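Look for subunit A in each of the two complexes below; its partner is subunit B in the first and subunit C in the second.
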Partner chain A sequence: MPIDLLMPQLSPTMTEGRLAKWLKSPGDAIKAGDVVAEVETDKATMEVEASEDGVIHQFVAELGTDLPVGTPIAVLAKKGETVPADYQPKVKAAPKAEAVSAPAAAAAAAPAAAAPVAAPVVLAAPVLPVLNTASVAPVAAAPKGGRVVASPLAKRLAAQQGLDLSRVVGSGPRGRVVAKDLQNAPRGGSANVVVRRPDSVEKLTPMRKAIAARLTQSKQTVPHFYLKVRADMAAALEFRKQLNAHYEARSEKVKVSVNDLIIKASALALAQYPAANAAWNTDSVVQFGNVDISVAVSIEGGLITPIVANADQKSLGAISTEMKTLAAAARANQLKPEQYTGGSFSISNLGMYGIEEFAAIINPPQAAILAVGAADELERVALTLSVDHRVIDGALGAELLGAIKANLENPVGLVL
Partner chain B sequence: MQQYDVVVIGSGPGGYVAAIRASQLGLKVAIVERAEMGGVCLNWGCIPTKALLKAAELKRAVAHAADFGLKVKDEGLDFAKIIGRSRDVAAQLSKGISFLMKKNKIEVIKGEAKFKTDKVLEVAGVGEVGFGHAIIATGARAKQIPGVLEADGKHIWTAREAMVPAELPATLLIIVGGAIGVEFASFYAALGCQVTLCEAQHRIVPAEDEEISALLHKALEKEGMKILINAKVANLKATKTGVSADINGKAESFDRAILAIGVVGNVEGLNLPTPQMGHSGKASGGMVVEKGAIVVNDYYQTGVPHLYAIGDVAGAPWLAHVASHEGVIAAEHIAHTLGKGAKPHPMDYTNIPGCTYCTPQVASTGYTEAAAKEAGHKVKVGRFNYQANGKALAMGEPVGLVKVIFDEATGALLGAHIIGAEATEMISTFVLGRSMEAVEADFLHACLPHPTLSEMIGEAVLNSEGRALNA
Partner chain C sequence: MPHLTVREAIRDAMSEEMRADPRVFLIGEEVADYQGAYKCSQGMVQEFGPKRVIDTPIAELGFTGIAVGAGMAGLRPIVEYMTWNFALLATDHILNSAAKTLYMSGGKVGCPIVFRGLNGVAAHVAAQHSQDFASWYMNIPGLKVVAPANAADAKGLLKAAIRDDSPVVVLEHEVLYGHSGEVPEGDYITPIGKAHVARPGKDVSIFAYSMMTVKALAAAEELAKQGIDAEVVDLRSLRPLDVEAIKASVSKTHRAVVLEETWAAAGVGAEVIATISDHAWDEMDAPVLRLSQLPVPLPYASNLETKCVPQVEDIVREVKGLLDGQR
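== the complex of A and B ==
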């Protein structure tokens, strides 16, 4: 029997994956464990390994398509085996993905009951009634299948001038775009050219779907409230300078960032107020044993929150080094599921973009997220804590944020 | 009174093609012709002169037969037979047009037409013909300047007399050196006539690329022709036995002279509904005639929108293939206004091939190098000489040049110019290339057949990129 290679479930929340790249070709002999393809999931780009030895008979899925877990993507022939021409690979029912990945610590405690809160519908149908993708009549050259009918010269001119040929109404035979159709394009005036800048429709990536689903659910179902303080960073900045000078003098390749200080300050505050290091779990509140800080990292196409586990127990140097490694892996789409799944508290820092202050959306099932702005001229930083009122009341939230502020303003505590 | 959807006046390459296209589109069509079916092109232009030039070509071939190892005795020529064959070819084609009219169910009305109103034609000897739309395709005739350059039809010819003389003149003056003049010069020179070609401008075939002009000048002189550029011809007169003229102030005499100074549209006698005539053309002030040509729009509508004019009578370029193309567009536009078929695309006048069938042949399309630069293009020029082409050498035709002009920035083919054997056949590839807006890469990607003259197309393009393989 030939072996069906299926779309694997690569993370607990994964329901489908987008086939991103083949790393083997039909006819290639492979061994169990060889990486056959790359798949984009809601979290990262991951590798699909062959489960058995064999020869790739054929690919049965197309690159770029979103396939439910369990869908056949390739057929392997065993050594010396001939695959019948009418062989049909079979779809295997996918194991049910967890609606929301519960933190590991909570898993045992949480009852198996299905979440009573219905998962919110995220853009089930397109909501923009009119998209500027088709030109007003006459119809632009953008055809079925995406091929633009244009003369060689028109194609070259469009490439040179950065024009989108699919937006241009062709006046040549059978609507072919010819050079003169482009002549006045950017400067307007030609009746043949739709001067409006085009809207582009981009299919949701698995990551974008995950962000949309989780944050919509969070903002719609989690009762947020917001607390804001300004922390005087003068001492912390001075402390950071001394610390980095210290590392440099010892030729250690560590450079602690302001963000690293905030991670440590938050982790210590959470350790001090463990009731705030918690999660809502429908019929219970889970207080985490560990302080695991999720740090939002912007990556191409979205963001991801790698975790600095046990941050309250780690030195600033260790946090700094770990954070650098995690951020690099995140940007390279190489985070392992255990590096971004779980976490008890999140930090989102837009200070490097000069944002004065902002309020972040809670990353469920966590109960709080800290939004960090840029230092002002007095070296003060706005800290905004978004809090899940079901888990943390105002007083506890205020104590937590006050502790973070105090930790930053008295940085010596960060090295104790 | 017979009533038609479309009446075409004139059965030349513009008129008869327009009539066929209109008929194909389901319209009831009549064509009015006062003389031979086929017009000047078939009867007094393109075709009979090509028949004459073939005789000239064979004469040259016989003269070079020994180069190929053939022993051929040249016993001179039967001039009447040469002319006779040319007439036979014309007559055969003219008959072919009558057949085409019948096949396409087009009523042929013989006689001279004039407008009675903008909806009725009066055809001499036939009567009144009613129409919804009319296409004026009456062509043109040789231009003359009364009292200065005037033909008498006996010693001073226009093209029409020049293609049917009773005997071969010993000396011949040709005015001027455009396509028609050069073709007659080439024909008569080959048959042994002493030809003097006078061109008013600073070079012959002034519409062609300068480099091509210079090469043709040299080739024609080598054949024994006398060429005068910047020539002023005055006092052209028929004498008792021949002609006399002052060329650049010097009195000279010849057996015969040919006037080839251009053509002028046949607009007279049609009683065109011009503004002055007060016809019922309500939609406009009437038809406008400028410099012997009827003024038309992109679809060949005159100032009276249901009256169209195509071909030579609608002005330059005076070429049969242009007239045919215009005829198709006019017919399709009429059909479109009647709800039949799509609106046609206007014609691109920057991509009209010009062919001159002298030896060596000259053919071109698009911009000359100078015109391209004048239009603001930075150009890349490629050249390939016939001398380096295997087929040309095998044919014994080592003289010639293929020249291509590309826009440096975009790679657009701006123009192509060929002089040499079969230039007029080879140019079509470039015409198609320009029509499709090919860039240099398209030519380079095409695998052209070997051994052919056409290989020079690819080589010339390669040369424009600085990477010719065989030169």
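== the complex of A and C ==
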């Protein structure tokens, strides 16, 4: 019997994957464990390994397509085996994405899993944008990579006149810029000419779909309430300066950031109020055994939340080093599932963008997320805690946020 | 200026050259006693006698071989084919003997010869008698190829061909034989290798040859009524092509259409498009359009024949489409 190579479930929340790249070719002999393909999941680009030895008979899925978990992507022949011409690979029912497990399981080595997530974006009666096509041709997505489609004459004239073709709307077929379009083109320096460009349509990436589904589910089903305090960061900033000077004097390549201080301050507060380190589980509340902090990292095409596990037990230097490694891996799409799956509490920091304050959407199944703004002229930072009221009541939320503030304002505690 | 039919212009060209040069003679089927299958040699046997206006059997391979040999030996033959479709039998002499001998003899043996006859689509003579061979001969180094569209060029190009030391293929057109036009008096020559702007215009260049030039001019009149100022460039000479004229025209209009009676594949239009791409790429504001015969053996049935060959209304429609930004 030939072996069907299926779209694997590479993370607990993965329901489908986009086939990104083949690393082998039909006819290649492979051993179990060889990487056959790369798959873009809702979280990262991951490798698909062969589970058995064999020879690649054929690929049965196309690159770039989104395939449900369990869909055959290739057929392997066993050594010496001839695959019948009429052989049809079979689809295996996709295993359900895991639900939040019981506390006992959560305490095990694997971090707590995420809640089940429906793949499609949940919108009962979607209100969709009316597209401005701006040309007679079928709606073309904006040219990839910024390539401007223009006739040779238009290109030459634009170069001679110093015009930027990317600011010109093409009236030719498929939006091609032709010579007459340049007559109304904006001239260098003058911004008086209004240019209307066609809308572009970008297919959802698996990550975008996951973000949309998770956050829609959260905002629609989790009863959020919000608590806000301002923490005086003067002492924390001074403390950070001393700490970094200390590392520098010892030639250690550690530079603790404000965010690292907030991770540690939050982790210690959660350890102090374990009831807030929890998740809703339909008919129960899960209290996590570990303080695992998910930190939102902005990456190309979306964001991801790598986890600093047991942050309450780690030193600031360790947290800082780990966070740098995780952020780099996140930006390179190289996080392993265990590095972003689970987590008991999230932090989102937009302070570096100068945002004064904001309220974040809870990252299910967690029950709280801390939104951090920028320091004001008095070196105070707005901390906004979004809380799932099913799990955490106002008083507990207030105690948690108060503890975070206290930890930041008395930073000596952060070294313990 | 005398008003002549194309067949009279051809007769005058040959007669004038035969009077001027005793080495020139005409050979072919029915050229003498019958005065030419299409009456292109009227009165010539009477003037020059049967030694210089020679009737042959229906044997293209044979009489072409005789003529090519005569050309190599120092005469200047004019070979008339009843149609270029029949010259298929003689292509070995045209391509291998006439076109290549000058090169293969290291310049010692040339063949100043004219091969002429009707070419392209006439009226209901079916697939085997309707082919446009322009691109076949354009492909051959050592040959020159001309295709006149009016009486003046029929005379001027034929006289130039007879005087040329290379073998020259003259592609005439059955429908055009009866067309008439003014022909300059005297020793009128149309230089080989020069295209002619038959109608100046600024919006689009229409490149054509032979009968298609006539259609292009009619289409340009219709387009003018609709506000489109088309330039018609009569290529006249297909090998060598007048690259400068093509370049000059598209540099003015920035859009081009090529008309051909032949099929599109490896055709005249393809060569013109490649010329534009090589020499005038930065001038173009739209892809070049070509209108060709549909890729089927030409039907005999009149209605189908008409549909297979670009007609004036097709040209008008397609040129408008090009200018409306549909391409």
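Criterion: the second predicted complex is superposed on the first by the 324 of 416 C-alpha atoms of A that agree within 3 Å, B and C clash if a C-alpha of one lies under 4 Å from a C-alpha of the other, contacts with A are read in each partner's own complex, and residues count from 1 in each chain.
Just so we're on the same page, a residue touches a chain if its C-beta (ideal position, glycine included) is under 8 Å from a C-beta of that chain, and two chains touch if they have at least 3 such contacts.
In this text, all values refer to a predicted model and were calculated from it rather than measured experimentally.
In the superposition on chain A, contact of A:25 is made with neither subunit B nor subunit C. Of the two partner chains placed around the shared chain by superposition, subunit B is the only one that A:160 touches, whereas subunit C remains out of contact. Using the contact criterion defined above for the overlaid structures, shared-chain residue A:178 touches subunit B and also reaches subunit C.
In the superposed model, A:251 lies in contact with neither subunit B nor subunit C. On subunit A, the patch touched by subunit B and the patch touched by subunit C overlap at residues 151-154, 156, 171-173, 178-179. Of all the residues in subunit B, the ones that touch subunit A in their complex are 345, 409-412, 436-439, 441-442. Only residues 136, 151-156, 171-173, 178-179 of subunit A touch subunit C when the two sit together in their complex. For subunit A in complex with subunit B, the touching residues are 151-154, 156-157, 160, 171-173, 178-179. Interface residues of subunit C facing subunit A in the complex, by the touch rule stated above, are 254, 281-286, 325-327.
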